[in-house]
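Shared chain: subunit A. Partners: subunit B in the first complex, subunit C in the second.
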Partner chain A sequence: MVTKEKLGKALFVLGAIICIISAISIFVFLIIKSAPAFIKIGVLDLVFGDNWSPSVSDNYNNALKGSYGIFTMIIGTIVSTLGALTIGGVLGYFTSIFLVFYCPKKLKPIAIMIINLLAGIPSVVYGFFGISFLLPFLSKIAPNNGSGLLATSIILGIMILPTIISLSRVALESVPRQYYEGSVAIGANHTSTVFKIMVPSARGGILASLVLGTGRALGEAMAVVMVAGNFPTYPNGLFGSFRTLTANIVLEMGYAGEVQEGALIATGVILLMLVTTINIIFNKISIGTVKAIATTQNSNKIKTKTESILRKINFSKIGEIASKIAGITVAIILFMIVSFIFVKGLPTIINHPWFIFGKFQFGSEEITILPSLICTVLVAVISLIIATPIGIMTAIYLNEYAKKEGRLATIVRGAINILAGVPSIVYGLFGMITFVKIFGGTSSILSGALTISIILLPTIVRSTEESLKRVLDSLRQGSLALGAGKLRTILKVIIPSALPGILSAVILSIGRVVSESAPLLYTMGSVIKQIPSSVFDSGATLSVALYQLSGEGWYINEAYATAVVLIILVFALNLIAELTVKGLSKRLKGDTNEGKSKK
Partner chain B sequence: MKRVFAILLAIIFLCLASCACHMEKNITVIVREESSGTREAFDKVISKNGISLKGNITKDAIIHNKTGLVLSSVASDENAIGYVSIGSLNDSVKAVEINGIMPSNETVLNGSYKIQRPFVIMSSKKVPLTLRTEDFLKYLKSDLAKTHTEASGTIFIEDAQKRANEGSEPIEILTYEKQNSLPNGGKIVIRGSTSMEKFINSAIKGYAELYDVDANDIFDIELQGSSIGKATVENDMTGNVIGLSSASVNEKDIESFYVCLDAIAVIVNKNTQITNLTIEQLYDIFTGKIKGLSEIQ
Partner chain C sequence: MKENQKNDTIIAQSISVRDASLWYGDFQALKNISIEIPEKKITAFIGPSGCGKSTLLKCFNRMNDLVEGCKVTGNFLIGDIDIYGKVDVNELRKNVGMVFQKPNPFPMSVYDNIAYGPRTFGIHKRKELDIIVEKSLRQAAMWEELKDRLNKSALGLSGGQQQRLCIARALAVKPKILLMDEPTSALDPISTGKIEELCEELKESTTIVIVTHNMQQATRISDYTGFFLMGELLEYAETDEIFTSPKDEKTEKYITGRFG
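Right, the complex of A and B next:
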């Protein structure tokens, strides 16, 4: 028995260690791979140089002909992220207030689901929407075709909306109900209570959501590359070409020369550092939030505040209107994106059924996405087979074995936070220089799946841990009291009760696999072709296929149709996740009670 | 937090106000990314007083890394100008004459249409190729390749000297002799330039039909860029790899030949009046010296 227990614990620790190794190896490999470029070009010239004109024939043995300065892109990335934060932040801030305090009760669950859908739409679709809808619209007021800072900020702003809204919503909802009641009892109306009491109390959480949104905006690649204009120069005004760090990697990796490849990986390193900095700030804020909430648990403070605000209610009135407008705006934006894609894509699906289920033929004009569909399923299955056990093991270690402030646990949590923040294009670089190299130098489904599995780890660990936390301690104690060992308790009592949460994490992970494209472009392959015969074949998933179809200009209609399929798929997955959780938790409630009584 | 928002909003309005002042539309210059073969060929030819376009492109230029994005950007913008491989040209945009000459088979072959580049087929010099790869290479070198270059809108090279790298032995066009059965060897791995996708797909289909097999069973094709094609050929250990490059190749370990020429068409929006541009005008447009369409005629 004892050895079994030890073995079990060792296994859970192993999961945690794999997470740490993954996080460290991303840094190590990227730095090793970019070190020659840093040395050859010079760290200062690379980071602070503002001329990027690479030469494909440059190698490490001869003098450089090109120049490799990425400072313009660092500035481009920072400025566009600030822009996105302005648009997405303001909109998200007010929308979350609208959702929590002004939204009709019946509408709220639907609205929340729709916002989750917004999070699931692949970034390629956003880019596609940007280039075929937003740019022509902006070109009416722009001196150029509309590309540049404003377009990028708008698209990025929309993309970070779900992150900001859902986190702010949670923060607002977790403000104690008594605050509201207290304020109303003193005579403040609904609106001034919301803006003077509730929102300030959730300040920390809202700020954290903004920081997390920043991370997402910094790392976004596929949509930015379509609307930024991409000339390696400083952003100049709202319109005008500029380039971000992520765009640099996506644009040039495929045709890069030796030094250029090193410089592009170095670009990834700089990006990684930016994102990690943001992450550290985020963690500081989250810790701060907990403390802040603890200190505001002071009713006197509320009282004085309430009294002071009664004098200036008008300002809150503006806030109320703003939140309503924001809620409606977000609804309109989502409606526009989805209907635009459907109007353009549905006719192709209806008129050409072979588009979905046809057999692939070389040189044929009849494109089929069946192989891409199969590739997507394969990648999802393999990456989940790898990531789910590791993720669950890690979560069990964190929740059941680790001491709260233990050293290993802190490191594991740090690793998970880092993994969660790494931009997907950087995962792509990592996969390219590790897995692709290991499997013979050419992209394969296996390399793609391995890359994706690391991306999935943090999601699975976090949601599993959340659901483990929700398992009642009495269940644990009950099982232990009846003489079951710790391992047995975990396997027979805890995991089954946490199952709904774990399952929904898995289903949402499938959604992530479906919508990712940047990490697969250079690890798994991008050509739409036959159904793969083994996992060592290369192939394109649906999102990559969409990027590819829109890219070469021959199959624009098929690209819209693929986007429709993607949106439907993501929506279906979200719905399934929701229903599984609801269904299972109902059944389990019954089950665990029975189980308890049996024991 | 409210104060921060107020400041940010103020900044936005200021920026918008400043933009609204200069309403005159500039030409939207659309180019490909730095390491694209299409761009390399274009930059080399477009010059003025001996200075080529490379390194001098206007900072207002939009860079796309996909032909399709160039096409759709030009199609939706009346002030746009860009360039694409002639095989990708479609009705949504309009190709213009360069120095009074339209790109066509003759003008490209006799060199009067200047903006062109070769499509190169690569194989390894280091390892012996498998019989099947060898045979497929023979097929590509033969007169049968002509139907495939035509299918992809590119121009077959008849001149044996021009089919070889500069300074190398001429590569004659042979007649392809079909073997009794499909030669032995593993799947032929094809890597390289995305511009050559149409050509190679057509060739693969033709070869497979010749031996009555499914192309999917004997080819493994993945196109991510010329440099990846080159690297795969250089690292070839099995003798199965064929690389595709849309720019000339000088690596010492790579055997190569030019299968066809690709013209690069300069494209504008269908609603513009422009039909002809000179190389000098193109230079001025792409370096940003000419800013408005009105300055052209």
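Right, the complex of A and C next:
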């Protein structure tokens, strides 16, 4: 019995240690692999050089023929992120205000659900929407095909909307109700209360949401590649072609020479540093916000503020109108994306039944996504088999064993935060220089799945820990008081109670597998070929297939159809996750609500 | 369990505490407590909030082990076995059951709630479990109420039913001592009455220690009463005696409702 307990604890600690190792090895491997390039090219020349013309034949022993400056891309990344923040930030800010304070009550849950779904749409689908709708639209006013800074900013702006809206909404909703009542009681109307009291009180949380959105925009790869133009120069005007750090890796990693590969990994290191900086800022702000809310709780600030409200009503009125416009705009954008893709893609699926379940014939007109479907399922199954137990074990360690401020727990949490912030293309780089090398140098489903499993870890750990936290302490004590050991308490009482949350995390992880593409491109391969015969075969998942299909321009109808399948899959997974939580929670709580209502 | 022969096993039903103190970090919650709790009687701990009565109760099954920074000195004996010595803590908790202030049924069926304890200690045969479940529910006087809904979730029961279920759950592992930490404070008067009746029946076979805020409850059901104040045991005697002729002035003030 005692040994069993120890074994259990050892297992949970092991999960936590794997998380730490993963986080550390990403940094270590990237730095080791890029160090020669940094030395050969020179740190200053690499970071601040603005000429990128690599030579495939360059190696570390001879003089360089190409030049490897990535400064144009650093600027490109920053400028496009700022652009995205301008569009997505403003829209998201006002939409969240709309949702919390102006949205009709019946509409709100639907709106929130749709925004959650939006967060799950694969980035290639956004990119594809950019190619197939936004670029043709913009080309009417652009000197070129419409690609460039503006298109990238718009697409990225739309992509960060869900992040910004959800987090800002939570921040606004957690402003104490008394603030609102206090202000209205003085005679301020709804709108001035919203803009003078509620929004300023949620400032910290809203800022944090913008920072997190920034992180997402910085790290986005595939969608950017599809609309940025990708010429390695400084972005010159709204329609100037430019390249981001992420795009650089996606575009050239496939055929890179020795020094070029090193320089691309160095690109990843710089990107990682940018994103890590943003994440540190985010963490500082989040912690600051909690403290700020705690301290302002009892202050008299509100009163004096409310008195000055009545003087400045007009500004609030503008805010109200902006919120309503933003809410409607976001609704239109979302409706447009989904309906455009469905209208274009559904006919292909309906008229060509072989598209989904047909046999693949090379060079034939009739391409099928069956191999990609199978690859997607394989990757999902393998990566979940790896990530789920490790993630759950880590979460159990954190919530049930670790001391609150213990050293190991702090390190584990740090590792999880780092893993959550690493851009997916950097995971791709990592998978390429580790798993792909281990399994013989060619990309394989197994390498892809291993890479994805690390990506899934932070999500699974965090949501499992959240659901463990919600298990009442009295249940723990109840079980221990009956003489059950800690391990038995965890396995029989705590995990079953937390099961709905854990399951929903797993299902949403499948959604993540379905939508990721950047990390798979160079770990698993991008060729849509026959049905894989083993996990050591290469293959493209649906998202990667969409990237390939849309890039080649040959199978545009099939690309629409693939996008439709992707959206349906992601929506279905979200729905299943929600229903699972509801269904299981109901079963746990019993058929009647008697107990509840009596309280 | 078998390999733990080194550990002492608990057979006795009386508790004796000698010179016990307890700290939560720097805060001393119990100060030099000595008390003898006789077997198969109901002993009540009374006193204002924060006086240490629940803390002492939780020492008897070492639930205080779960609190970070909790330190205990002195002797806690059940019979002649030191429960902070060579005792398997799970074995201890099996023998010293506990009922909490707020009912805490597990999110499982009524049946599984009761079978949880026996299963923990290796009973898995359906027939044996059936017998234990029925017996425990009968002991808790709720067999008739619940026999048709054994497979329904325990969370669907009313608050009073939930608490009696928790008592039945504790009884299912046949504890020799039952600790009750304000078991009725969250319940209505009718449910409270049922639980008090239950205590009277249980003392035939079990030692009961109950923490209560309710003076009437203490006089109604307990044989002995201990009055706690600021971490000290001020007075301990037969219940009749303590309520009719308290020796300490503070005890008198408290039981007559003048402070606390």
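We take it that the second predicted complex is superposed on the first by the 588 of 599 C-alpha atoms of A that agree within 3 Å, B and C clash if a C-alpha of one lies under 4 Å from a C-alpha of the other, contacts with A are read in each partner's own complex, and residues count from 1 in each chain.
The rule we apply is simple: a residue touches a chain if its C-beta (ideal position, glycine included) is under 8 Å from a C-beta of that chain, and two chains touch if they have at least 3 such contacts.
Everything numeric in this text was worked out from a predicted model, so none of it was measured.
Chemist: Regarding the shared-chain residue A:483, is it in contact with subunit B (first), subunit C (second), both, or neither?
Modeler: In the superposed model, A:483 contacts subunit C only, not subunit B.
Chemist: In the overlay, answer first, second, both or neither for which of subunit B and subunit C A:159 touches.
Modeler: neither
Chemist: For A:37, is the partner it touches subunit B (first), subunit C (second), both, or none of the two (neither)?
Modeler: The answer is neither, since A:37 touches no partner chain.
Chemist: Determine, under the contact definition given at the top, whether A:141 touches first (subunit B), second (subunit C), both, or neither.
Modeler: First partner only.
Chemist: After superposing on the shared chain, does subunit C or subunit B touch more subunit A residues?
Modeler: Looking at subunit A, the partner in contact with more of its residues is B.
Chemist: Go through the superposed model and pick first if A:474 touches only subunit B, second if only subunit C, both, or neither.
Modeler: In the superposition, A:474 touches subunit C alone.
Chemist: After superposition on the shared chain, which partner residues are touched by A:551: those of subunit B (first), subunit C (second), both, or neither?
Modeler: first
Chemist: Output check: A:382 vs subunit B and subunit C. Expected answer is one of first, second, both, neither. What do you get?
Modeler: Neither partner.
Chemist: Identify the partner contact of A:132: answer first if only subunit B is touched, second if only subunit C is, both if each is, neither if none is.
Modeler: Touch status of A:132: first partner only.
Chemist: In their shared complex, at which residues does subunit B touch subunit A?
Modeler: 1, 5, 8-9, 11-12, 15-16, 18-20, 22-26, 28, 33-37, 40, 54-55, 57, 59-73, 76-77, 79-80, 84, 88, 90, 151, 189, 191, 194, 197, 201-202, 204-206, 208, 215-216, 219-228, 231-232, 235
Chemist: In their complex, what parts of subunit A are in touch with subunit B?
Modeler: My answer: residues 52-54, 56, 86, 89-90, 93, 131-132, 135-136, 139, 141-145, 147, 203, 206-207, 225-226, 229-231, 233, 236-241, 243, 250-257, 260, 360-364, 441-443, 521-522, 525-527, 529-531, 533, 537-538, 550-554, 556.
Chemist: In the complex, go through subunit A and note every residue touching subunit C.
Modeler: Residues of subunit A touching subunit C: 1-2, 403-404, 472, 474-475, 477-485, 488, 492-493, 496-497, 587-595, 598-599.
Chemist: What part of subunit C is in contact with subunit A in the complex they form?
Modeler: 1, 3-4, 61, 63, 66, 68, 88, 90-95, 97-98, 100, 102, 104-108, 116-117, 120-121, 152-159, 162, 166, 169-170, 173
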